[in-house]
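What follows is chain A paired twice: with chain B in the first complex and chain C in the second.
Entry: the complex of A and B
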């Protein structure tokens, strides 16, 4: 659906994206994560066909995206800073969209009006920041896009609106197999929404995986033994991180759940607790393992 | 139908599998009953449809449900000994818990009493799942 290969992007002499590969399947909700300045926005703008790549391939719906109008008909990009034509009301803006997008769905637009409850005859610029974002979603979802690219979509929205918008996205993914690419540095936001995660750091993709798989093979373990931990056990486990808290040890272990559990059980622990990790924690430890300090990833 | 704990550390997909299993085991979802469609559930719970699909696939491979093309997923009528694989897992889990209980000083009588209680339906875990 979205395929990016060996993508390089330079502005003047500044390298922003360096050999980026990634792939978003049809009907998937893909979370692109990364630190500030990692190149997320540049990557999204390239995928949206606004920026031309310096080298490499960017295809959406199996076609090269740059200046490809037929693809752009079926794709909506919602940038982090929104733009509306000056002094336009919601209705005028909607008419503008209607003219541009063949798939504009007026019925949908009216229905969403009830959901958002905003005045269509008010100038958009008189709305608050969060309301403007609602307008942007309202317009985007009325276009019935096959591909939705969102840059920091939930900024400035209250909890109720966030949930409403997530619900909208989820419905379209279920109904029409819409493909969604979301960039965010809010890990908790993407954790329950996305099924696939890619991490961008300093213009390179560090990791790209199914979120459940990622979670399935890394565990936080609290364990205590009579005396010290067996050295044999320690070498058998793939330990990413170790911490002593009194006599209890906190381990971050990579590996299959069953294997790890049976291995530890076989050494008769006095205390044994296994906790799945949150995405935030996975980040910290995985990145720590590659030598990236936590401050670089979490913002 | 049920709620998920989005703040829990457990992956949503695992939570889904467990909740649905519980509903099936406790006969809240009857044999051959149709499960909610992926779409309905995604909307109800505001979670990724792909996650639900994955949970359904997992339940299917474990033999709890079956799917009919174009019609959806249905609860598989449980045959008592068909779930050998699951039984093995449960047995292992029980063993683990028993050894923990014994270590903590629980007597065999106390464990018996607990079992009796569960059989009589006094400690009813399903009440939370069905509400």
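Entry: the complex of A and C
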């Protein structure tokens, strides 16, 4: 659905994106994480067809996106700093979108009006920052996009509204197989929403993971053996991290759950507990040596 | 239906109108104020019957506030372009607009056409109003229908031109303010660069006639100057010809095409950077460096008349221009670091090379002297302007055609090339125009010291031909003369009507003039006796000043008993005053005397008639004597006086004696 390959982008002589690859499947929600200045916004602007890549390929809906009207008809980009035409009311803005986007759904617009409960005849610039963001979502969702590109979308929204919008997105993804690409500098903000996570650092993609796989793949275990842990067991397990708390050992292990369980059981542990693992921890252990890069996005 | 929608986005036009409709309205009101409203005011003004003004400038007349029209014409289209394309210069707006499913080309076309529409409507509506108002009684005194048509054509074309020029600049830059500034620079640029270039060449190439460039419509290369410099003595007022309108249309179309191409290729991340097209940045910096350097060189070189100062000027201009250009492109004044020096080396080197090479290309021009047998005729005067007047007035024969005459000018030309340099200061400007047998014209102008070239100037000046040109009176056919008018300006005068007398007088005057020496011509001897005007039905009668040294003429006047009536004599002079003069003051003797008096200097006052008579016949040097001598006329002793200047060695004894003691 969104396919980015060998993407390079330079502003004058400064490299902003360097050989970026990633892929967003149809009907999935992809979270693009990265600290400030990592190049997220540039990447999204390129995916939205605003900036032209220096090299590489950016295709959306199987087509090159730059200056591609028919693809852009089916895609909406919401930038981190919102923009509305000066002095426009919600209604006027809706009329503008209605003419520009062929798939404008007036019925949806009316329905969402009930959800958001904002005055359509009020100038958008007079709304608060959070309300303006609601208006932006309201207009965007009324376009019925196949691809939604969101740059830091939850800035300035309170928890209730955040949940409303999250539901809205999820619903469209479920109903219409909408594809969503979300950037964020905060993992917690998107972990309950995304299927996939990619981490962008200094213009490069550090890793890309399916969250379900990730959670199924890494385990936090407390074990205690009589005496020391068997060296054979240690080499058989893929241990990412190891800690001693008295006679109890804390292990972060990668591998299929059943396999790991049976392997440990076969060594007759005195204690064997599986502990819950937050996404944050998963990332820290997963990243290992490059962990420094994600510290900032885990705040 | 979808096809129609995708071709034409009504909402974008609507948005443009909401955004910049006010500019359209202001433009309309401005023109409405300048045209229909002024017409009503003029019509109801009862005083107009007394003025009896002829209105020959149509709708560009002052009646219709020409200046206001020009102001609106050159400001509002630029504003329109700035506000319409402002979205390109602001990141958030740019991102929003370009994330919409509309191609850049379509966006550009939409905005450009809504801008054009909003600019052309005010012009057209005012045209229609003016056309309709022609029906009012009295309106046709001010303009006719063809004036409305011409006004409409000029305003439409120039409005479109200025707007598209500003649009083009807008696609090149990322800052709206810079867009405005650069647009006006663009509108002046061709004229400015021609001026700088020719002035620069003129400083280093001796004989180069910048005047030809300035006077030959250099202003037509800038629409602003083109429209405003219309005060030419033309029969039919037309600030811009139809050919020029055609050129503006072609340029406007190419601006449009160019702007569209640049917009399509433009990197949108360039919003808010000074020069959006990276490859143009060096061009911008080099251009600024060059222009400022040349300007600096010209300014200091010309105001100090010194080669060394001009080098200082080139250097300072270069440094300044380069730094400003870098500051503009970087949008900060804190640009001073090592890379600035490196760039200065590169751009400065290129600029200096260009500055040096340009005049060198004209070295052949400098030493080129036409061959005698290729020259048809020569004009020798002070300036190109002088030469143009000759063509315009076509009064008499003003060119040298004889072989000797042409050869003498060529000799002078050769001498100048050998001895003069373009930085040498002179006291006289000479302009030479050779008209060649093959139809070419060769212009040269020099500022020379006339003492250095006295032998050559003497040869030329003493030819009969030259005298005929500089004393048109000698070409007058006595049989066409109706009367002679003598006027000495000091309560003396005489009119001569008799044809015989006229002929006798003119013959004697001619022979006096033809025997004048070069020294007589540049330093006439004695106080001017009388001015004689030769009237033969011409508005501008030729005239000449009779000097005491005109022996044959004065002799004849005495024979006829007219001398006392006509010529100024010692008896007419109440007193004279002598003041020593430092000629470095660089003035003519009359202003020098005024200056000396204003400073309270006083000198020797003489009332003795004999001494006055002696002084009246002494040799006069207009610009470089040692004594200033003022002769006061009449009893009053106020204002009315004539100033001569004498050299020490040639001054009458009593003056020398007085000041030597």
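In this section, the second predicted complex is superposed on the first by the 289 of 299 C-alpha atoms of A that agree within 3 Å, B and C clash if a C-alpha of one lies under 4 Å from a C-alpha of the other, contacts with A are read in each partner's own complex, and residues count from 1 in each chain.
Heads up, the rule we're going with is that a residue touches a chain if its C-beta (ideal position, glycine included) is under 8 Å from a C-beta of that chain, and two chains touch if they have at least 3 such contacts.
Not measured: the values here are computed from a predicted model.
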item: Fit or clash - chain C, chain B, common chain A; value: fit
item: Partner chain in contact with A:96 - chain B first, chain C second, else both or neither; value: second
item: Touching partner for A:62 - first (chain B), second (chain C), both, neither; value: neither
item: Touched partner set for A:114, first chain B, second chain C, both or neither; value: neither
item: First (chain B), second (chain C), both or neither touched by A:170; value: first
item: Nearest Cα pair across chain B and chain C, whole Å; value: 27
item: Residues of chain A defined as touching chain C within the complex; value: 11-12, 45, 48-52, 67, 69-73, 76-77, 79, 81-83, 85-87, 95-96, 99-102
item: Of all residues in chain B, those that touch chain A in their complex; value: 6, 9-14, 38-39, 42-43, 46-51, 54, 96
item: Residues on chain C engaged by chain A in the complex (per definition of touch); value: 2, 5-6, 9-11, 15, 18-19, 91-96, 98-104, 267-269, 278
item: Complex interface listing, chain A residues touching chain B; value: 27-29, 163, 166-167, 170-171, 173-175, 192-195, 211-212, 215-216, 265, 275-278
